[in-house]
Amino acid sequence: MTVADANLDEHTDRGPLGRDELAGVVARDIRPGWYVNLGIGQPTLVANHLAPDSGVTLHTENGMLGMGPLASGDAVDLDLLNAGKEPVTELPGAAYFHHADSFAMMRGGHLDLCVLGAFQVSATGDLANWHTGDPDAVPAVGGAMDLAVGARQVFVMMSLFTKAGTAKLVPSCSYPLTALRCVDRVYTDVATFEITARAVVVRETWGLSYDELCTRVEVPLVRGYP
Amino acid sequence: MTVADANLDEHTDRGPLGRDELAGVVARDIRPGWYVNLGIGQPTLVANHLAPDSGVTLHTENGMLGMGPLASGDAVDLDLLNAGKEPVTELPGAAYFHHADSFAMMRGGHLDLCVLGAFQVSATGDLANWHTGDPDAVPAVGGAMDLAVGARQVFVMMSLFTKAGTAKLVPSCSYPLTALRCVDRVYTDVATFEITARAVVVRETWGLSYDELCTRVEVPLVRGYP
Amino acid sequence: MSVVCDSADEAVAGVADGSTVLVGGFGMAGMPVHLIDALIRQGATDLTVVSNNAGNADTGLAALLAAGRVRKILCSFPRQADSWVFDGLYRSGRIELEVVPQGNLAERMRAAGAGIGAFYCPTGVGTMLAEGKETREIGGRTYVLEYPIAGDVALIGAHVADRRGNLVYRKTGRNFGPVMATAATTTIAEVRHVVEVGDLDPEAVVTPGIYVDRVVRVPA
Amino acid sequence: MSVVCDSADEAVAGVADGSTVLVGGFGMAGMPVHLIDALIRQGATDLTVVSNNAGNADTGLAALLAAGRVRKILCSFPRQADSWVFDGLYRSGRIELEVVPQGNLAERMRAAGAGIGAFYCPTGVGTMLAEGKETREIGGRTYVLEYPIAGDVALIGAHVADRRGNLVYRKTGRNFGPVMATAATTTIAEVRHVVEVGDLDPEAVVTPGIYVDRVVRVPA
């Protein structure tokens, strides 16, 4: 059963979104003409849901606008990699630039959107996605801090709950931060959230109702747009 | 008569250098392989004295390395100008870049030499070459401060005396400064000077002797290299 | 998603009074003369202009100044043999001038485009252009703290654009264009040729289309 | 004035113990593998390496680390599936690590090359990577003060060089090369093709020869 009030869609007649379905939900919110960086891992799946005529241009921080799909077979060119170091392709209208120019583009607020994975997102949009806080872990940040700070909008994609069942949308991050107050929206397998200056707004749920969601998340939520 | 002691050439058997002769004296001290910026005005004459096979590459701050001689006739291209906005030519091996990159090149200490005109140079190498201090003058600095601060070596070309007969090599500049302690050598119509951390050394004179020079300049001088 | 406009007038539509306008060009190379003329017709006033010079003779930037549209100009070299329009306004106190060393002009716009909050620069230390500015010793050298210069609008000239706004320049016409394109909210380029998406070599694109909002073809 | 060397060994001759070495490449794209191998043979030790990663598998940078030549590494992402050489050295305390956000790594080297003394950067504010660093509010936003990273030597990979050292890269092989070339006292490039002076399009040169001291051709 899908209950849609003015501003909230509750899809309780089905289970949580699969990873690919979630990528499709994110893609639905990317507008024609946007310049977008898709982070390593789950966010790269979003590209599969952007139509060739979507007018969306993909940025990869290692120096390219106009990145195409992953390369295979004869199309593999080891001079043409994405940020995850996988061989990719080049679309018409592409441009190459060096690392300082690429990060100037990000830091300067020219990308309309970046989509990132996360360990935790706080109620005020703080992001933790680079370090588990494990003192034995080798720290490695890559371009995560630059992307989170620089893009005009930051969308996070993640499963809402850890394997232990704890929500990753938290009052305050316990993991080391990537950036403060940077996340605009959180797309998860069971709900999407908009983080505004005043509240965390639930836009859509899958596999559970808004009321169930509220019981499982410690962050105060708002039902649809106020 | 030319009197040459160990380190000082006194050419008293002739008059002061003409402008073109002076340019030749400067050119003589530019080494093969150097990247050089020649300032607007008198310094541009130096280019005429650099042999095509000199291995010297000219920089123009409006975004080019490998600048050739002034253009004339059919070679005039209004997209190809020097810093004085005159049409110039392009030599094999040239490269174009934008203004921020061009001044990064200068400021970052990559040019071996710039040659600039001057109103005054102080005994410690302070340079005044952009403003007469006249309160009615419209101030205009261009790239002079950037060049003076950025090049590895700064050579100044000027007549040593004003029309009123006052030396422009001074204990301390009275005109507004372009940069502090930046000048390495001063090439004038009557003498060349090396400004070292400890002294102003006279290297060569034309049309007067070292002793005469000392009487006409307020700066303490040293005879040749100590 | 074409950024190509039909006319220079369409390209400059909506420039607001009080805007900061970055104007490219060094000499006539890269000078967006058609866009400046269109801006005069468009009528925006009380402008702050950032450009290397302050106009020559009676056309282009000088005509914009003569029309009384410019409240303040930031430039490195206002005084030229034919800068009589600026000179007259300046001497009669009808225009405000901030002289900026040419490299600082470029680097301050680059900082705006690159999200840098401020930077320590060695240029101008100990001179009247650094008076009142904060300084700092770093590694035994003195630097001046310089802040970004951002534009509401950039008007630049380039050689070729594709329909998505990727730009290629020609020779020293490149000058301030690529930097200004990054530093303005809205970047408008006049170009001599417009080509299809895919016609430019991706290795040779100097200004990626992400920085370019509107393009208009003008007579070569 | 050719900068072309006959061999990678000749190209890396004279790198001193204790040097800071900037190593280009992102993945294998732009990675100067032949120069790194030559540096291992050359023998310089007690090095500080600046590179995006900390080596993969047992070759290239990982082999330099395994040979015990690197005292400290600055990079954005040391941990990779096959970074076992680095991991082992790090966990046993035999290498020092400074993790730098990727954009700061690039911008700090750019600052070194551009003569900027330091800059205020928004990246990393409020994170453990900014702990102990000076911060400043500018226009209502918080920035961290970041200092230049200069190299004694840069080892980079490019696609084509002319004999004067003008460089052209290929696709994402460009990455850190152009920035590192500006930031090092001595820049050494391995390239797949060497052409005569005048054979490169001056509009498409990415790294002008002024930044390049030595070039060696390596098998494509």
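All chains are identified by letter, namely A, B, C and D, in their written order; residue positions are counted from 1 within each chain.
By our rule, a residue touches a chain if its C-beta (ideal position, glycine included) is under 8 Å from a C-beta of that chain, and two chains touch if they have at least 3 such contacts.
From a predicted model like this one, the values you see are computed outputs, not experimental measurements.
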Checklist entry - Looking at the contacts, which chains touch chain B and chain D alike? => result C
Checklist outcome for this item: Two candidates, A-C and B-C; the one with more touching C-beta pairs is B-C
Next on the checklist: Taking the mean of the CA coordinates per chain, how far is chain A from chain B in Å?
Outcome noted: 56
Checklist outcome for this item: Taking each chain's mean CA coordinate, chain A and chain C are separated, in whole Å, by 35
Item to check | Centre-of-Cα separation between chain C and chain B, whole angstrom | outcome: 30
Item to check | chain C and chain D: spacing of chain centres that average the CA atoms, whole Å | outcome: 33
Item to check | Numbers and ranges of chain B residues touching at least 2 other chains | outcome: 64, 90, 96-97, 104, 106-107, 149-150
Checklist entry - Which chain D residues reach two or more other chains? => result 107, 110, 114-116, 121-122, 169-171, 202-203
Checklist entry - Okay, what are all the chain pairs that touch? => result A-C, A-D, B-C, B-D, C-D
Checklist entry - For the complex, which residues does chain C have touching chain D? => result 107, 111, 114-122, 136, 138-139, 141, 143, 147, 168-171, 201-204
Checklist entry - Taking the complex as given, what residues does chain A use to touch chain C? => result 32-33, 35, 55, 57, 59, 64-66, 90, 92-97, 103-111, 149-150
Checklist entry - In the complex of these two chains, what residues of chain B are touching chain C? => result 60-64, 77-81, 85, 90, 96-100, 102-104, 106-107, 126, 131, 136-146, 149-150, 176-180
Checklist entry - In their complex, what parts of chain D are in touch with chain A? => result 26-30, 76-80, 83, 86-87, 90-91, 97, 99-107, 109-110, 121-129, 159, 169-179, 206
Checklist entry - Touching chain B in the complex: which residues of chain D? => result 1, 110, 112-116, 162, 164, 166, 182, 197-198, 200, 202-203, 205, 208-211
